[in-house]
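The data blocks that follow each hold one structure.
Shared between the two complexes below is chain A, which has chain B as its partner in the first and chain C in the second.
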Partner chain A sequence: MIRRVALFLGSLLVVAAIWELYKLIGPEAGGTVFGARLLPRAQDSAMPHVWDMLSRFGDPERRGSDRANWRVVLAAAWFSFRLALAGFAIGTLLGMGLAMVMARFKVVERGLLPYLVMSQTVPLIALAPLVATWGGKVQVGEWVWPRWMSAAVLGAFLAFFPVAVGALRGFASAPAASVELMRSYAATWRATFLKLSFPASVPYLVPALKLAATSSVIGVVVAEISTALRGGIGRLIVEYAQQSTGDPTKLFTAIFGAAALGLLMAGLVSCFEYVMMRNRPRPEEDERALDTIRREALA
Partner chain B sequence: MTTHRSRRRVHIAVASVVTLALIATACGDDEEGTATEPPGSEAPGPTDVAETTAAPDTTAAPDTTAAPDTTDPSATTAGPDGSAPAAECDTPDEVSLQLQWVTQAQFGGYLAAVEQGFYEDMCLNVEIVEGGPDIVPQQQLADGAVDFAIAWVPKALASREAGADIVNIAQIFQRSGTLQVAFADSGIASPADFEGKKIGNWGFGNEYEIFAALGEADLDPAQDVELVAQQFDMNGLLNGDIDAAEAMTYNEYAQVLEAENPDTGELYTPEDLSVISYEDVGVGMLQDAIWADGAKLESDEAYRDIAVRFVAGSIQGWAYCRDNVEACRDVVVDAGSQLGNSHQLWQMNEVNKLIWPAQGGIGVIDEAAWNRTVEIAQNTSNLEGATVLTEAPSEGSFTNDVVNEALEMLGDSVDTTGEGFEPIEVTVEAGGA
Partner chain C sequence: MSEHRAVVVDGVSKVFNRGTPRQVEALVDIDLTVGGGEFVSLIGPSGCGKSTLLRLVANLIEPSTGEVLVAGKDAPRARLDQEYGMAFQQAGLFDWRSVARNVELPLELKGWDGSRRRRRALEMLQLVKLTDFADHKPWQLSGGMQQRVAIARALAAHPRLLLMDEPFGALDEMTREHMQAELLRICAETETSVVFVTHSIPEAVYLSDRVVVMSPRPGRITEIIDVDLGPSRTVETREDASYFKKITEVREALRAGEDDRETEAVVAEERSSR
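Showing the complex of A and B:
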């Protein structure tokens, strides 16, 4: 664990060193090959020094404000994190539910899966303004659709797909011998699902959830940028980008905030993975066990 | 053994999913508070205070508000039920206004009207809806998501031509704020000097003033100049990718003045720059206007009545911002703008210059400017050969009736022409801080 943290910090230092090295030797005005810009500009307005960007966190957001920039970024990241978490949870529930229905009824799988694939080709920025208008307008009984919900839903829109596909594949991954064993017990679909299909799907679910977690962050931040939702990191990126002519380091503080958000989300899933997978045999052991079962079945 | 283990796994899985869902809902509950509150409202939230204390304001009725005037014009503006708009207000009408962008001084008048209780006096409860990069205000209005929208005239007319039934009811900005900014040593002093230069433009329908100016100077946009797609910042100009960059007086121009000149280590000054104003060149197109739903304006008496009161309240807000530039800037900053103080004050002052003086009264659409805008929109084609409009806008694309009623309603209580208007001097700080 300590080794991993050290490695992570070390890699950050390496990235920072490469950044500074490029600034040192890279062309100030960027490099063009046959009219196409290939090398980024190394000047301060395009690539500020690492220490300038870091020290910008400590400066007040604007003159006369007693809020340091890191507080503003942290508050915005926390706001977006909660939205992403909500989107992730909605997406996971939806994806699992869809996968279950598809696993249970083959007809549904054939009918629904193409639409799920199609849904992911709709560009998020086309959906965002549409979904954003539900805020404060859509009403179910007493409950009024809050504005932030739109961003969370767009996070869920990206997150549900890998979960649905991963879980569907995972549910079908139980060894045939085990399925036949359950059948010989006259086990119900429910019992088979809970005792066999679902546990078997976990190795497929974990990478799917990792994808979903980062997708939900992307969905939320893109939705925030596209609708300039107040409070989130996306809004900060929009506003700071506008000021980047005179204060380029400020924009980078918001971008760092967004990056930290993605890392946090991925870390969360890793914790989940650790909890879910700790009692599992390693994959190679799994393979060996499967081989034994197969050989015995053939014998 | 295996079943035990897998059951435990299932339990863990279910528990984690439930926990996630719980966290999400828990977050949801406090987010509703945060989402509606300006992020920078740590200082004693003046917006909140204003909203809750606006009611007493009505009774105090300072002489700038419309309250004293309501007895007379209310006869003309009263709703179908005959209720007077301002004086007897039981339940204020809910109104939403779609902005073109996030909170900034460009919309200071509306924000001030909320904060100063001008809308409240008009028996309105106005919700300001911020815009964003992918939000098209006139589309939101046409879709019925909001009651009114702020939009530039050419783009809104293009939407109208595409079928959106929207009507310009108040031309708040009387002048165009579009500039072309070059360095003073570039030799660019008028559109005729664009020849052979790299001319930045934003595209997306923001480029037509440039093309009209090129046409006036007898330059062929396809051959005589090199048109460069420009980001919404001024780095292209500072980097030398662009010789003359498109800029708004109230935003991008200030961004240049807030940037450090690497040669001197000081900020750029107006002397370093050569500025061409399209308004001065004579090809200015009308910009920020209040648009309303055409069908409702026609058939819904109550909506029309709300529109009059909304325009009246907005005019009061803009008059307040003209007379109290710094206070209005503070209103904007407190409403959650993350732009720096000096940039915001600059913007407020420049926006005032686009509105005041308003010879015919603020909001009244000047036929000459309107016709010029339409003429350019119809006859100037961009590089792809497209014009903003393919034909003259249909009948009823604007009306002065609403704004005239609003002006009549305000009477002499507010200076609606701003004849003696003098802009203030603003110096921007590095980064607009």
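Showing the complex of A and C:
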């Protein structure tokens, strides 16, 4: 664990060092390689120094404001994180539900799966305004569709797909002999699902959820931008980008905020992975464990 | 041996993919009775339908014609009542459950409460001499140990019939002989009848009261050989002359089945060329 944290911090330092190195030797106004403009401009307005970007977090957000920039970025990241989490939750429930129905009824799988695949080819920026418009018309009694819900739904739209496909594969991954064993016990579909198919799907579910977690972040950030939802990190990136000629380092603080958001989400899924996989064989431990036990058995 | 009959297979045939170009006659006219406490092996080359026959008894598939009775009941009823336990070539233990919880699985499905399940599981593990490993995970165990857990699981609900499909096929020879002795001991202790699919002649002879020799295309029983090596079989049995005699007998019966088929093939060829 400590090793992994150290590796992560080390890799951050390496990236920062490469950044600074390029600033040192790269062409100020950008450069061409074989006639193509490939090399980015190394001047401070395009690639600020690492320390300038970091120190920008401590400065006031804008001239005359008493809120430090990091507070604004953190608040925005937190806002988007909650949306992404909501999207992730909705997407996971939806994906699992769909996978269960598809696993239960082969007809549904054949009928539905192509549409699920097709759904993912619809560009999010085309869908986002539509969802926002539809959502604006939803009203159940006193309850009115909040604007942030559209962003969460779009996060869910990206998140459900890997979950549905991963879970479907996972449910089917139980060995035929195990399925037959459950049949020999005259187990119901429900019992077979709970005791066999679902636990067997976990190794497939974990990577699917990782993908879903990061997808929901992307969905929410893109949705914030294309539905002009205020308060989140997506909106902040657009705002700061507009101000970047006068204050280039500010944009990078928002980008760091977005990256931190993604990391937090991935970390959350890693915790889940740890809990779900702690009872499973890990390939490298397999043989060692086996040796120990053989020795115990012989003694 | 009691009068009660564990399995009755009466005039059973099984055709797969009937009416399609891939139609296969897996079994033809099978009659077989397994008495209470009896150990019967099914032996034959691949494709002779021995596993199919076992799965018919287990009601994992339905016969095309004929009738299967298990513990005096229709096969479907017997499956619903968990009248038999089953073990396959792969132990098929659930990785995410401890050894004891694997043994508890059939009891859970019967709706037993936790403490009763746990007690029975530990009893079963004692029977297969794995008490110390109750809380280990299956993947921490060797292949032979895993197979013993699978047997414990198959016996957990105290079925009077055990159906085994090459359960020792994936084990090395030494472990295999050890497991065979253990199986005989367990069956004697629990008075369980066994239908045992194998393609090892020595295994079939060592274990069985009767060896059912089958031949393929279509799958049928060519001979049933009584193995009267006495009730208690030991390491010495494996070196006994009568044991070798039986092995030879089974081998010849298997070969005869092969020859029959070749003769038939030749006859059929002659007929078609005429």
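Please note the rule applied: the second predicted complex is superposed on the first by the 275 of 299 C-alpha atoms of A that agree within 3 Å, B and C clash if a C-alpha of one lies under 4 Å from a C-alpha of the other, contacts with A are read in each partner's own complex, and residues count from 1 in each chain.
Operating definition for what follows: a contact is a pair of C-beta atoms (placed from the backbone, for glycine too) under 8 Å apart; a residue touches a chain by one contact, two chains touch by 3 or more.
This structure is a prediction, so every number in the text was calculated from the model and none was measured.
Of the two partner chains placed around the shared chain by superposition, chain B is the only one that A:K250 touches, whereas chain C remains out of contact. When the two complexes are overlaid on their common chain A, residue A:K195 makes contact with chain B and with chain C alike. Of the two partner chains placed by superposition, only chain C is touched by A:L181; chain B is not.
By the touch criterion defined above, A:S226 reaches chain B but does not reach chain C.
Looking at the shared chain after the overlay, A:N279 reaches both chain B and chain C. Of the two partners, chain B and chain C, it is B that touches more residues of chain A.
Note: residues 195-196, 199, 202, 279 of chain A belong to the chain B contact set and to the chain C contact set alike, using the contact criterion stated above. If you check the complex, the residues on chain B that touch chain A are 3, 5-7, 9-10, 12-13, 16-17, 20-21, 23-25, 27-28, 31-32, 34-36, 38-40, 42, 101-102, 127, 130-136, 139-140, 143, 145, 232-235, 238-240, 251-252, 255-256, 258-260, 262, 336, 338-343, 429-433. Taken in their complex, chain A has these residues touching chain C: 175, 177-178, 180-187, 191, 195-196, 199-200, 202, 279-281, 286, 289-290, 293-294, 297. Chain A meets chain B in the complex at residues 29, 41, 43, 45-46, 61-65, 67, 72, 75-76, 79, 82-83, 85-86, 88-90, 92-93, 96, 125, 128-129, 132-133, 136-137, 146-149, 152, 194-196, 198-199, 202, 225-231, 235-236, 238-247, 250, 272, 275-276, 279. Considering their complex, residues 58, 60, 79-82, 84, 86, 88-90, 92, 94-96, 105-106, 108-109, 133, 136-137, 139-142, 145 of chain C touch chain A.
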